[in-house]
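Next, two complexes with subunit A in common: one pairs it with subunit B, the other with subunit C.
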Partner chain A sequence: MNATVNEKKLELSSLKAMLENLVDGVISINQNGIIQSVNPAVEKLFGYHKDEIINKNIKILMPEPDHNQHDQYLKNYLTTGVAKIIGIGREVTGLRKNGTTFPLELGISEIKTDDESVFVGVLRDITERKRDNELLNSALDSLREMSTPILVVANKILLLPLIGSIDSQRAQMAMESVLQKIQECEARVAIIDIQGVPGVDSAIASHLIKIIKATKLMGCNCIITGISPEVAQTLANLGIGLQDITTESSLKEGLKLAYGLLGLQLQESKDHFSGMASAKERIK
Partner chain B sequence: MTDSNIFEKVSMHVTRGCLVVLINFELVDQAIIEIQKRILERVHSSEVKGIILDLSELEIADSFLGNAIKNIARTAALLGTTTVVTGLKPGVVASLVELEIEFENIQTVLKLEDGFQILTNLMKITDRELDEENKYEE
Partner chain C sequence: MGLASQKRIMLLKDADVIHAVFETKQYVKALGFTKVDQHMIATAVSELTKNVLKYAQEGEVTLNTLDKDLKKGIEVIVKDNGPGILNLEKALEDNFSTGGTLGIGLPGTKRIMDEFIINTNSSQGTEIKTRKWIR
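== the complex of A and B ==
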């Protein structure tokens, strides 16, 4: 008998120690929304001393609109039994003593006794996590923006240099922007340079093929350039046929071909210096 | 919108030996079938050598429209007529590619002007071939 009482005591005090040292805030309220107990983390999170909030309505820790609605939320739950947050968890906003608000992740569980319910909420400050997420998203956004530049290299010739690995989202963006640009410039030739793509697998190849089909539908000839020997080998091994697709090993050759398709000619000046001189003359 | 209204809106003109069809609103499936029929009848009666389907007013395409275009081209080819599709917008192209609809033998160009160019070039070639054949017969 004594042994079990001692065991229970030990269990209780270890639970208490856990609560005291938990980083997450723990609050218990009765079914009228009155705070029964809080752990030290709650004091730190909200800036109140626990004596200031115990026996107060939990809504003092909430900004509008929850501040005014919380009593109703409780009443709704107690009458209908439909849980909106209990056992589900949700992101909510907390209100500190100094009036500032902060994002919280809140989980609530209900402890039922015979005639009463007690609700225990566990809260975690997610300010940092949210900020990190936003930072990451904006960085990803700017990366994505940078990742699909389209250059108009000559009248009716577009160049799409692809750098880095291509996932379906990037491929989608590249396609959209290249189609937009084709329409804008009435381009006749689109050169896709894949020299900067580290490896081409069947997924990337199928993305490329999609882009090429789309440019064809826009009445544009598509040339793929910058295929390294390794990539050529992989494509051949994968059995991906690029038969209908014009490919050139280098961008230089691709450009020459593009000019040819438009009935223009790219002329190499025999005398490098006189070429430069005449070019400079023209600039003047 | 009643059916008759729809067809008044689709303009079909025979010019420079080509039938130019301008589809300028989103079509319901039934209308597409009807238009398909009318185009082919017109091709047959006017003996044009080329069809230009101008879709520049459309913002998006579905598989039904895509297949109808393929169908028109295939059937027109049986009547000895070449089909060129002009003015596909990025949204239309993206949806066609997404739906994996392929216009195998249909030329697509951006501008109506280019569409005419392709067809007139084609007609010149056939004319020349015919001339040469006639020579042999003489």
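== the complex of A and C ==
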């Protein structure tokens, strides 16, 4: 008999220790919304001492519109039994003592006794998680923007150097911007350099083929450059034929071909700058 | 003796494919595959893992080291609990796709790798076990 009482005592005190040290806030309310107990994390999260909030309505921890609606939420649940948050969990906003608000993840469970219900809420501050997510998303956005530059390398010649992994979203962006640039510059040749793409599987090849087809429809020739020996062998083994597609091993060869297609000649010269100059000369 | 070191990667989102391909490249490089083979195996993993996300939403890829009769190699197992491949014979033919793509992923992967076994059905999903040996 004594042993079981001791066991129960031990169980209770270890549960208490867990609650005391939990990083998440735990609040219990009765069915009128009155706060019955809170753990220390709640005091930290909201900036109140527990004596300031125990026996108060839980709505003091909520900004509008929940502040005014919470009594109704409770009433609705107790009369209809339809749970909007109990056992589901969702993101809500908390109101601190100093008037500031912060995002919370809230889970609620109901403890039913014979004639009454107690609701226990577990709250987690997700300010940091949300901020990290936003930071990550904006970084990804700017990465996407940076990653599809289109260069006008010469009159009527565009260069699209692709770098990094290509998913369908990036492929779509590249296609849209290259088509727009073709129209703007009345480009006749577009060079797509894929040296910076780490691998070309069938999905990426299919995106490339789509871009090439669309540029052709705009009356623009397309040259793919920068196919490494590994990529070439892998594509051949995969069975992806690039028969109808003009390819050159290097960007240099691609440029030469582009000039050729425009009836121009790119002269090689030991003097880099005079080479550029003579090319310019001929374009005129 | 097989299974010297194992690597498992969960496939839940697009970025997991990039991660799986990167890990595969490191794995086969350490095993001693040639540069071309490294690239081919990584591409095979890219094909198979993209299929998982496209048709089954989620799954898992496992990389194992093979070490048998003085031959070394890699085993790639890609598993999902998706709807299975309805017409396997067709799916292994070139240019057949139910997903609006080139229809080259599965037959192409089969060509790239040395051994290729598919188990698929509508209740248990799809498991593709494929191997390549160091030449």
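Note that the second predicted complex is superposed on the first by the 264 of 284 C-alpha atoms of A that agree within 3 Å, B and C clash if a C-alpha of one lies under 4 Å from a C-alpha of the other, contacts with A are read in each partner's own complex, and residues count from 1 in each chain.
Everything that follows uses one rule, which is that a contact is a pair of C-beta atoms (placed from the backbone, for glycine too) under 8 Å apart; a residue touches a chain by one contact, two chains touch by 3 or more.
None of these values were measured; they are calculated from a predicted model.
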Original post:
Residues of subunit A touched: more by subunit B or subunit C?
Top reply: C
**OP:** Please indicate which partner A:E186 is in contact with in the superposed arrangement: first for subunit B, second for subunit C, both, or neither.
**Re:** first
Original post:
After superposition on the shared chain, which partner residues are touched by A:M218: those of subunit B (first), subunit C (second), both, or neither?
Top reply: first
**OP:** Determine, under the contact definition given at the top, whether A:D167 touches first (subunit B), second (subunit C), both, or neither.
**Re:** second
Original post:
Touch check for A:E64: first (subunit B), second (subunit C), both, or neither?
Top reply: neither
**OP:** Could you look at A:A205 and tell me whether it touches subunit B, subunit C, both or neither (first, second, both, neither)?
**Re:** second
Subject >> Which superposed partner A:T234 touches (first subunit B, second subunit C, both, neither) >> reply: second
Subject >> Touching residues on subunit C, where the partner in the complex is subunit A >> reply: 14, 18, 21, 35-36, 38-40, 42-43, 46-47, 50, 94, 101-102, 104-105, 107-109, 111-112
**OP:** Would you pull the subunit A residues touching subunit B in the complex into a rising list?
**Re:** 175-176, 179-180, 182-183, 186, 210, 213-214, 216-220
Original post:
Tell me, which parts of subunit B touch subunit A in their complex?
Top reply: 86, 88-90, 93-94, 96-97, 102-103, 107-111, 114
Original post:
Where on subunit A is subunit C touching in the complex?
Top reply: 165, 167, 198-203, 205-206, 209, 229-231, 233-234, 237-240
